[in-house]
Structure formats: C-alpha cells, structure tokens
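Two complexes, one shared chain (chain A), two partners (chain B, chain C).
Right, the complex of A and B next:
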C-alpha cells in the first residue's frame, strides 16, 4: 500500500520537461524561427482547444475511441483467455495450436488490416476485429505461459486428492496462473489502445481520435493534430496509472 | 470430539524395481524392495539421502509407477493416486491463495458430504493438529511447523487408510521437531491410521515407530528391518532407545563407508 501511494503521488519534477518544451515552443513561434503552418503558435492551439472542448466533435471522438477499445478488449481478451487456458492445460492442444499461435502473433498488427477490411468491410466490424486481435495475443500468450508454469508440486497435490481435470484447472491452475493472466490482460489493454488509434486512422469511417487525426492531417490542421496527440498522451498516462496500480496491489 | 473409525489398511510391496532417466543415463533408485506393513502399524523408512526412500513412498502413493513388481494396499493393487492414501510432502505444498481451513477442505472436495458436515470435519482436523484460531490464516502467515501441521491435516481430511509422511519434520528446528513428533504420535493413535514415514533422523525413527526399515544407498535396497519393542509412551532418554539408536547409527554409517 505504501508503494501504491508513492506511485500515484505526482512529483512536481515531472512537469519540468513539458514546461521547458512549452517555453521553447512559445519562443520559437514568437521569433518566427519556424513556419507557423508546421508549428502552430501555442496561443492558436489554446484557442482551438477551448473551441473544441466546448463543441461535440471532440467528445464524441474520445467517446467512440473509448467504446471501441472496450469492445475490442473484451472480445479479444475473452478469446485470449479461453485459447490460453486450453493451450496451457492440454498438451495435445499445445502441440496442435501453439505453433500457429506463435506464428500468427509475429505478423505485425497492422498487416492484418487488408485482410480484415476485405472480410468485414471498411466499417466498425473491421476496426473492432483489429482491436480484438491486438488484445488477443498478449492475453493468450501470457495465460498459456502461466498455466504451463504451474508447479508440479501443487499439481501432485491435486492428483493425490483425486481432482478431475476441471477441478485441477479451477482449483490449482487458474489461481496459480492468475499473476501471469493479470499481466497478460494489462498488456492486452495497452496493445488494444494502440490498435484502436491505428485501426481508426487506417480505416477512417465514423468517429474516433484516430479518424479525427486522419482528417486533420488532410485538412492540414496542425493545431487539431497537436490537441489530439496531447489527448492521447494524457489518456495513455491514465491507462498506465490504472495498470500499474493493479500490479502494485498484487 | 467425534472419533472416527477408519478402516486401517495394510501395505504390501512385492519385489519393486524403479529407475529414472537422469541426463540420458539410467539411475537405479530401487532394486527389488519387498516390505509388508500391517494395518495400524507405524513404520519408519530411514536411510542416507539418495537411497530411494522418497521414491518408495511415492510408489505407494501411486505417484510413480514401478518398472517391475507390485504394490498392494489393503489387498487391492495400487494403480494411481487415491484418497485411500493421504500423503504429506516434505515441503508442505499448501496452496498459497487459500486459508488453512480452505486448504484442509481441498481433501474433502471429492467426498459426498453436506457443507455443514465438511465444516465440522475441517474444524475437527484444525483442532486435531493444534491450529485452532488459525483457520483463516494464509500459509505465508504460518511458521514452518504450523504449515506442516496444516499439510498433515489436509492429508487426513479424506480419512485415508494409510498416511504417508515424506520427511514431514525435516525442515523444522529441533524444538519444534520434538513437539511435532509427540503430535504425530497423538494423531496416529487418535486417527488409528497406518503410517509410513520417511525420515533421516535416527532418534525420530526410534521414538515413533513400531518398526524401522533401514535402506542402503544406490541402488536402494532394504538392508535391515528393526522392531522397536518398547512400550509407549517412550521417554526420549530411555536406555533401550539409546541402544537401538546406536545400532541404527552404526548401520547407517556402515553404509557410508561402502
């Protein structure tokens, strides 16, 4: 618990780098050292930010992305748990399935997009499928490893007490693997978030942060791009805090 | 407290051979072991480390399969692990995520009893091994001796006919050890169960057992079976025990010289 408090307390020194960057940015802009189209002055960004925070588009983009990452993470995470447990528990399933799983995982995430859009179209389904895939692999792999690494000493206790297969999984393997499984879920959430922005950017239909970034790029609106990047950074920090707090709580 | 009346079983080991593959080479652990344990008897198996005494216990428990020979428990062959045999391992092997009571309850998962009956059975075992008040403690909160007692309670939960103890007191300090030895005797007398205990402690074997099986080193063979004809309770410093201890120690030392 003490560690937890330490981790979540904000150290003021954390603001040194952002403030220095902000000052440099302001100086560079006011001295016209760079093209204002490439690096918008902070005042312009602030004005746009106030305008966007008051409008609906910004919030609907953030909301859509959050909904998408949740949906994809739940689907992919659940599938990853099931596949991970089956591969981790059954030697036959491991022989049959593990090589394919490890092969498929080494395909870069965004290389799936052409296939997914061909199957599911340029809409919501393809995006969620990609996010689910992003969450699936870390969850499946960590769950599999956790289940496989359960100590033989504990498994023998189950044998001596005449546990059947299901009792062994439920009473020994899953609790013993829970730490690995939680790690997998945390990793899966992080990769799902990366997958969400990527999927939105590359399959730009509907609303979402990635989609907003894509259209801001086409419109050449550097101020909007910066605001969404800042949003992503803050959301990433929040995600990290949630994930790390859980790790420490263990 | 409710006394249970378990059926005590005999153990028969007939010409059992066992070897293991270690780094591609075959290592003989047991070579032609034969041994009979009578119902209700307390037998200790003693010998230098690496003599195969733990392997012998694991064979009786059904955790290993012999290369040759047969094992019988109560006139039916051992075909695999069974609730007939309770086993307490040297490392207590309690599940770290369960409380003492829940760990003991694991032994009752496969017995058709009501929740209330199971609760009573668990409480009886907790009291039996002297862990009253620690029902809701987790293994990491227990001392070594307490964890070992919880482990023994778990192995007794399914009311086995035979209790196999694999150096259950090996990791304990001398004081705790002496106290646990007395407790083991008390449990054995109360539960009326056949006990086979692996140990490398001469005093412990002499103090507790009806008979002591002395095993020799690599490959494991039975070198001698000693009967302890001393009535219980046995005072630790009894002369007859000292003579026997000396005899045992000599047997074990002789093995080291070979």
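Right, the complex of A and C next:
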C-alpha cells in the first residue's frame, strides 16, 4: 500500500527543474557572472560536502539538534497532553484556562526568547524551554478539542456503566479523541523542529544545525550554509514521511 | 438563461461538504461569569508575580514588578516609541505579504490549473519549502545584506508557502459535477471562473492568506531581533540587551495582541467572504 503510494509519486519530470537549475548555477559561476562569495561554484559545495561528511562537526551538529528536538518535544508534548485533557474534560477548567492559553499562543514563538534567555541563561535550558513551548501549544489545543468533541452517546455509555471520572477519561474520552491527539502530536513535532532551528540560531551557544548556520553566516561561507539548508530540506522531508505514514496507518 | 441558473449554481459550487451557517455570537464575550473566570488565571499569575517580587525570589533585574511593567508600558506608549516601532513592523509585513502572497497565488494557480506545470515545478518548490524559514535567514543575509530587502524577502518566503499550497488545491476544489452543470448551462470561460471556480477556491485561498499573515508576523519578529534598527522585534531585543525586562514584557504583550488582532480580523474577513464555511 505504502509502496504503491511511493512508486506513483516518483515522476521523472520532477527532476527536470533541479537539473536545469544546477546547470545554470554551474554555468553562471564558471563564467563568474556573480560574486563567487554569493554564488559558490557547485564543485566547491561538493568538495565542502565531502569534507564535512567525513568530519565530526557536521554529525555532532545534526545529532545535537535531533537530541534537542526530542527532549523539547517530550517535555512540551507531555505538558500539552495533560493540560489539553484537563481543559477538554472539565468545563470549569476550560473556562478558567482557555482564555489564558489562547492569549499566550498569540505571542509569536520566538518572541519568548529574550525572556527565556534572561531567566535561564544562554545555554541549553533556554533552548529546550523554547522547543517545549513550541510543541506544547498544538498538542494542548488539539487534545482539548478532541476531548471536548467526544460524542454524547459514548459518554452516556460510560454513565450507564457507572464509570468514575478517571475511568471515563481513560476508557472513553482518550480513545475517542486519539485521532485529534495524534494530529496535535504531529503538528507539535513539526513546530518543535522549527523551534529547534530558531532557538539554536538565536541562542548560539553549543552545537547544532542552527548554530552552525549562524557561524557560517558570520564567516561568510555560503557553501556551508547551502549544505545545512539541504540537510534541513532532507530532514523536513523525512519528518513529513514519518508524519504522513502515521496518518496512513491510522 | 445562464444568469438565471447561475444564482443557483453559486452556493452549491461553494460548499465542499459542510453547510452550517453559524454566526459567531457576541454573547460569549458579554457574559460576566465567563469574563470573571477567564480573568481568574491571569489575575492569579499577576498576584503570584507581585508576591515573588516582594519576597525578592528573583532579582528585580530579571523579574521587574508588574507596576514597573505598567509604568514602562505607559511611557513607551505615550512617548510614541511603541507605536512608531509597531508602524514600521506592520509596514514591513504589508509589503512582504503582498509580494509573497501574489507569488504564491500566481504559482498556485499555474500548478493548480495545469498538471504538467505541477509535475515539473511542484516537487522542486515543495522540496525547497521543506527548509524552515528561519534557516533562510543566513542565506538571505549574505544575498541581501541586512537592509529592508532582507526583511521583505524573508516575509515573502514565509507567506508564499501557505498561499501556494492552498491556491493550488483551491483550483481543484470545485467538484467535477459542478463543471458538468456549467457545461450544461453553457457558461463561458469567464462565467465559469466567476461562478464555479472562484467561489469554491475563495475559502481555501482566504485561509491560506490568514496562515501566510501569521507566518509573516512570526518571522518578522525573528528577523527584527537579529538584524534591524527599528521595529517591535528590535525594540524587544534592544531592551533585552540593556536588561530592561520591563520593556521586554511590554513588547511580548504587544506582539501577542497584534498577532491576535491580525488573526481575528482575517477570520472575520474569511467568514464574510465565504459565510457557507463559517467555523470551518
């Protein structure tokens, strides 16, 4: 099933534009039409790529970013699940908490950075806190929505069986809301990934893809920037595949 | 003949699925109990915050008192600094969004109307869009420097994707049978566009625009923090550098309110443009 989807997706026409662009790029840089600092020749990028793939820096940057996104996603996702269930199950909790939650969500994610760095310093804690915040909102909001939209018929079954509140949540509400919760987790993973790159770029202490991009910019190394951007494109594609696969399995 | 039936075609072509015309009611806002409950948590936070300041749990540099923040907010507001910064930021959003959404809509129409164009260009564009907008920042900084071009390019890039994706899908949103109805009614090209394609496309394009606006605002804050001499993001980053956290708090609230107001306005426009998909 999944294989068929993948097979029908591959269309040779998709490769025409990238190849044409690559050729144009090679011609433009070999004719020196543009400043070579701006438009590094493809050969230079390839050489740098080989060199980077052989070295430790590249892999440690990728590894650190992955570790960070996992840590932040687990923390923020767990908090989002708890808050989402509480707000989704209890009417009074929703009326107390939802306005504040929606208000806080309106703040652009990276606007929290100055506050987080002031409180937690320029190290790992501020970054992971921002990633957790990025994952928290979509998970909390989708969980809340899913729990609130459980049909009355199901809830009545629970009442007939005289489930207590906790059993109702565990046996009826959570399974019924699972689709919405999974959507929230997928969205949360995507925003956590964006949060990771941004947090690393803005708080550039340690190792990570965002930090490597930031220092490559300072060194004016377009080849390194392009390689990390390519890396991010591939990782984004992989992330999309994971997320889609789950939807198909669901 | 065609026009008589056209008024009948329009609403059908427009609703792909749900048809619940629900006006957002204002009662929710006015109910005092709801307001009181909604304010409970923020008030508790402010009280806890004041107590924490009083007990000096955190240094006042890191956690200024709520009253200080309020006074700073008044100063920034009355002094005109805040509004000037906000005006500059909003101006950037408007221009960047105009460029990005125009490109997104044009490319979306091209890929949505023609499967051939989509087969050639679609995968490349979608692949490039996998790169988070933030990761374009260093690239654009080298290409455009740190002037206005950088901000506009980044905002345009951020708003391009949702408009491209949604417009592309919107072009195929009208079900085949509506086109068959159009065939039967012998609508000409223009009538078909106006009565079948556009009504079906409008809600999707509008929600793409809302997402594009939200993306634009988010990325503008980042680029102003990193490379700008004016704007709300710059005001925030500069206050942070000077360790004036009271001003940082004020800018966070302003960024939040602005983001919320833009989203609320877009939702309102969306529901006006396509009342048949209200509350989608």
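Convention: the second predicted complex is superposed on the first by the 236 of 250 C-alpha atoms of A that agree within 3 Å, B and C clash if a C-alpha of one lies under 4 Å from a C-alpha of the other, contacts with A are read in each partner's own complex, and residues count from 1 in each chain.
Just so it is clear, a contact is a pair of C-beta atoms (placed from the backbone, for glycine too) under 8 Å apart; a residue touches a chain by one contact, two chains touch by 3 or more.
None of these values were measured; they are calculated from a predicted model.
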Based on the superposed arrangement, let me know which partner A:23 touches: chain B (first), chain C (second), both, or neither?
neither
Can A:154 be said to touch chain B (first), chain C (second), both, or neither?
first
Just checking: does A:175 make contact with chain B only, chain C only, both, or neither of them? Give me first, second, both or neither.
first
Mind working out whether A:107 is in touch with chain B, chain C, both or neither, as first, second, both or neither?
second
So in the superposed three-chain picture, is A:82 touching just chain B, just chain C, both, or none of them (first/second/both/neither)?
neither
Now for A:220: first (chain B), second (chain C), both, or neither, which partner does it touch?
second
Of the two partners chain B and chain C, which one touches more residues belonging to chain A?
C
So, A:43: does it touch chain B (first), chain C (second), both, or neither?
neither
So, A:163: does it touch chain B (first), chain C (second), both, or neither?
first
Taking the stated contact definition, name every residue in chain A that is touched by chain B in one complex and by chain C in the other, in rising order.
none
For the complex, give me every residue of chain A touching chain C.
11, 13-14, 16-18, 21, 37-38, 92, 95-100, 103-104, 106-115, 117-119, 193-194, 197-198, 201-202, 209-210, 213-214, 216-217, 220, 222, 225-226, 228-229, 232-234, 236-237, 240
List of chain C residues in touch with chain A within their complex:
34, 37-42, 45, 58, 62, 116, 119-124, 127-128, 130-139, 141-143, 217-218, 221-222, 225-226, 233, 236-237, 239-240, 243, 245, 248-249, 251-253, 255-257, 259-260, 263
Could you pull out which chain B residues touch chain A in their complex?
61, 63, 80-83, 85-87, 89, 91, 93, 95, 97, 106-107, 109-110, 155, 158
Interfacial residue positions of chain A with respect to chain B in the complex
153-154, 156-157, 159-163, 167, 171-172, 175-176, 178
